[in-house]
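To keep things simple, chains are lettered A, B, C, D, E and F as they appear, and every chain counts its residues starting from 1.
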């Protein structure tokens, strides 16, 4: 069973690192088809980066199904374009944040998220609402580091993340802590070692959820919100190329 | 990997039927340890039946871990005693309703549930709130049949359920329909055939979730709400055996 | 008019203390029928203790109605088994937390709860949601003391509780503070003396609510969720006594 | 113990009818001090009537405490000025809708309200939110009759109300029905007779709640939102008597 | 186009100051008709002051429409009587808090409010709920100063407000700060100068919203909740002048 | 003052029609800079169309500010990419649905939306949640017509929309009805004529809100979620052009 793991940013090294985690947790019979989106920002930091990454991600999903993928995992903690992905995919699509928060809610009554930049905080808080976390999501903390520094400067950044994990346990009374960026995935073992509570990276469980849905016969419903896009003819030629100000 | 499937009611035939579904969907490397709770009501129909089933279910969970189970699935759509189960278990615990509603929310924007008796409706509505479904859960419909009639009178009851599935699609605009009773599990193929939207039985995905959490190293947090019960000495002898009225 | 006061834990001394408070506040014409549940944990500390106490509590409710009780108060701040109690009772049933939070919301715009163990915090937060407190419930604080120490070591424990009451007023801006354990009931006068805001023990008002509902002719509706449990025949003999692993 | 029952509208006949219900359910030791507000609309039908009734109601509350009242019931189902009343009162204040919805939520999992005019529907829906009813409040139905017709034309109006009660039970699956106007109080017996579920008039239970709070020593907190109004000097003379348009 | 700006308190100097801000931001073609309510409290500090101000405010709205006003702004941050105002007005009515919170939610993802007295905090929190701010409203802070001190003692009070603005930015991570009292309007420039984030006074935008609704043809709907008050005959003479105690 | 009106779909005729409405309602001193996005779908029907339209819309916003635009209106009722737009814009950005729902909530207590395709319904319901409509948004109805048919086949489509407007008033008790597609803007007069309640097209009020924010000095906060995108170097060359499957 082929599971498509799409990294919506254009940094191949990050795709490779996430794919290693995915393969380590996928279980027997699962092939991970890891893809880097093309022409997108090098990292996804905020709403505008998300928006610029999604069209290429949709193309990758369509291409992956043509190559036999039966389910998809979006390997970015902002879950960019999750609804649009479900509209173009026939198989199930799982977001990384979605999987991580669902896992957290099954093993802990209260949990916190530790992420990279402050601008990701309200995005993740809104995702917490979307996935119904309610008061279970105690807090989202930003370690205040750029995403790619996780890749290039782990010696400097990991202690900052570890400090936020400790703060979550001590001040929020969090019973588990979620790593809020796909780039933290490679460092789970180190970050989880002394936390005293479960530390959750969503990559492995996202693969398991996607594969589990497909294996039990559950495909994306095409009956309503996630119907395939309608094919449309352009209404007219578009000769105007400059903004139309009158 | 041993997954403990606990049927909180005392009807062995129902355990057997659910176990067949579980084994069909478990995937490679998973052993299903199916257990019928002892001394509990023959079916779980409402709050009082739930309450009377839970202590035996907790004992079964403790016993199953002693025998090597690494995760648990509660095979009743009311998810009775889910929090108490997490407090006594070291491994992750998944409820049937929990798994089914989580699956539904991944493949459809809006979905309905079809259950047995009217008294289950508010219970499932509250579970929808607990799992954060919000407006995604369009409605919970009762086909108005006792739980055990699913087992003993399928010829009479399945058409009633099929009618409620159609009503969900046509009136609620549901994009998927969830079967709201473990006893419907054996009839998924027949009920899903003509529905036009995905029809979801949670048993298979519940096993996948429980196994997926355990396989990715996620155990129930013992740091707060789900800490193991404290061991206590009775404060004093209890000589009074009749209700104490003064 | 007989009001049944059921202590779901098995500590008779605690029943006696709560009954004294109940009788002091019951008003004319009310007889308190105080009962200790049998075979339950000595104190209710968390989800598992709750689950193991409820079946005996349901038996006590049925027995009390046979002896003339017209309404019931569950004398534990976790309100264990409240829905199940309503399903077996003909008369109204009031939980201790329910009464206390309803009282608090009538005399203050914002209030906090002070309880015993940290594991009770999320339980009470969820009850706050159930009773619709919303932002009115500022916070739930745990003094970090076992329940029975309230009974056996008041000299050590009361200052810890008083400190949390002060913290509620100063840091939460709470306009009232609720004592979040039936065992605190006996110490209301001492704890309330210097608080500067109303300090609320729910026992007295719970009795008043239960009696008030009964006196104005309001019985538990048997039309839906709280219908009496259905009588069922076991579906088959249950020869298997060991967990069924295949 | 004197309980002040304030009818915020100026129709004395309505005060008298409500006072009869209150006295019938008050229990031993309770004296009902029934007051009609002065100079207010003859009935409270919508937001503007409410606003014009509240100042006189506040004056009545202050006067009643000067005459020994220890608690207050606002005898109008819109609960007009409830927060303002708490700000001027030392004793507890209970609204009629508040008492009725709290009673309903104790004896039924789901309930509906039947009121008079359509414009009262959103007011009562908002009160349902305020008192935390959530999905328990199935629906608010208007029988489409002016408030005073309950007093002057019961033969015509009661069948319209009875029809809405039946609709609540049959279509909403309501397990109890609340009478959503103080003017229906006198007709409770007739309206409840054939409903098949509990029909709730809040007057009796409101008196019980108000008295119960006072009897257990619970007064309105003066520490925050309900602090007594500050005494202020007018900042300057106000010579302008006509609207100031420049 | 005449826009009616009604100050519900009776302090003319405050009306004048607010009117200056309104005229500065109204834009071409807008005439501000500034009115001070008559016989109301000198400032609105809490629920009781609000209630006592509303009837005169309703009279002013009716009078203003008779003089040609096409829309109304309630110039008090508590938005007292907003629903009642809509019931008596034909044109649109905008509250000051309403306009300010709507503006804040358009230019910032998270924002805080700084107000005067602590008793205003829960009022503004409830307004935040009413206007759907959710988690976007980080916090409401009180500088603990009487409303009229803004007018008479700006040298003493402005530093206290500035401190709360800084606290909002630093501790709440607020991306904008709303001035939570009409009396702060005159000091916007000074308070906003060094804040580092947008500081919002709602007066100007409230005028723009009211005028914008009217200019695009949007009047208050008279079809339901905001229908004009019904005209009623008093049911009977009201000879009783003293409270009626029996 | 230049206001940028961006139509995210690529149909110029639709831009022209919307621009006519905008200019009719803009008021004195406002210049409408109407722009059609380039290379986007001919209409926005569902999540995937939205995602494919947003990057070009962001480019248009940046270009418009370079040409002097001080505020932006997104002329599509799905409000696609609203947060991303705020992240790239210095001036305020208003969505069409946002403006329409805010307008509706100021002049009616309850309102419904009538839109084109069923797949838009959950999108608009979610926007209703985002803008805090709560129960005020009674229902979203789809007339089941493709977006461009509004442009090309008004004779056939307008009666279908008019029927849904009537249904909103009669069955939902809606006090106002919102036109849920920018393409309906040109037909407001005809659709509103016989509705009996206010019918709201958001285009005019959106322009008024955008201009009102800018005129009162309110720019998008750059302090948090809407900070300008960070400039990043691609981490490495991306030689792989085919999906990377191992």
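As a convention for this text, a residue touches a chain if its C-beta (ideal position, glycine included) is under 8 Å from a C-beta of that chain, and two chains touch if they have at least 3 such contacts.
Source: prediction; values computed, not measured.
Common neighbours of chain C and chain D (chains touching each): B, E. The greatest centre-to-centre distance from chain A, using averaged C-alpha positions, is reached by D. Comparing the contact residues of chain D and chain E by number shows a mostly shared set, over half of all numbers used being common to the two copies.
In terms of their C-alpha centroids, the spacing between chain B and chain D amounts to 43 Å. Taking the mean of the C-alpha atoms as each chain's centre, chain B and chain C sit 27 Å apart. In terms of their C-alpha centroids, the spacing between chain C and chain F amounts to 51 Å. Among all residues of chain B, those that touch two or more other chains are 83, 86, 109-110, 118, 121-122, 173, 224-226.
Arrangement of the chains shown, judged by which pairs touch: an irregular graph that fits none of the line, ring, star or complete shapes. Put simply, chain D touches chain B in their complex at residues 109-110, 135, 173.
Across the complex, chain E is touched by residues 118, 121-122, 125, 129 of chain A. On the chain A side of its complex with chain F, the touching residues are 2, 10-15, 19, 31-36, 38, 41-43, 45-52, 54-55, 58, 60, 63-64, 67, 81, 83-84, 86-88, 118-119, 121-123, 146, 148, 151-152, 224-227, 229-230, 232-236, 238, 240-241, 243-246.
Within the complex formed with chain F, the chain E residues making contact are 25, 27-29, 83, 86, 92-94, 98, 102-103, 106-110, 131-134, 169, 173, 175-176, 196-198, 200, 204-205, 208-209, 211-213, 215-221, 223-226.
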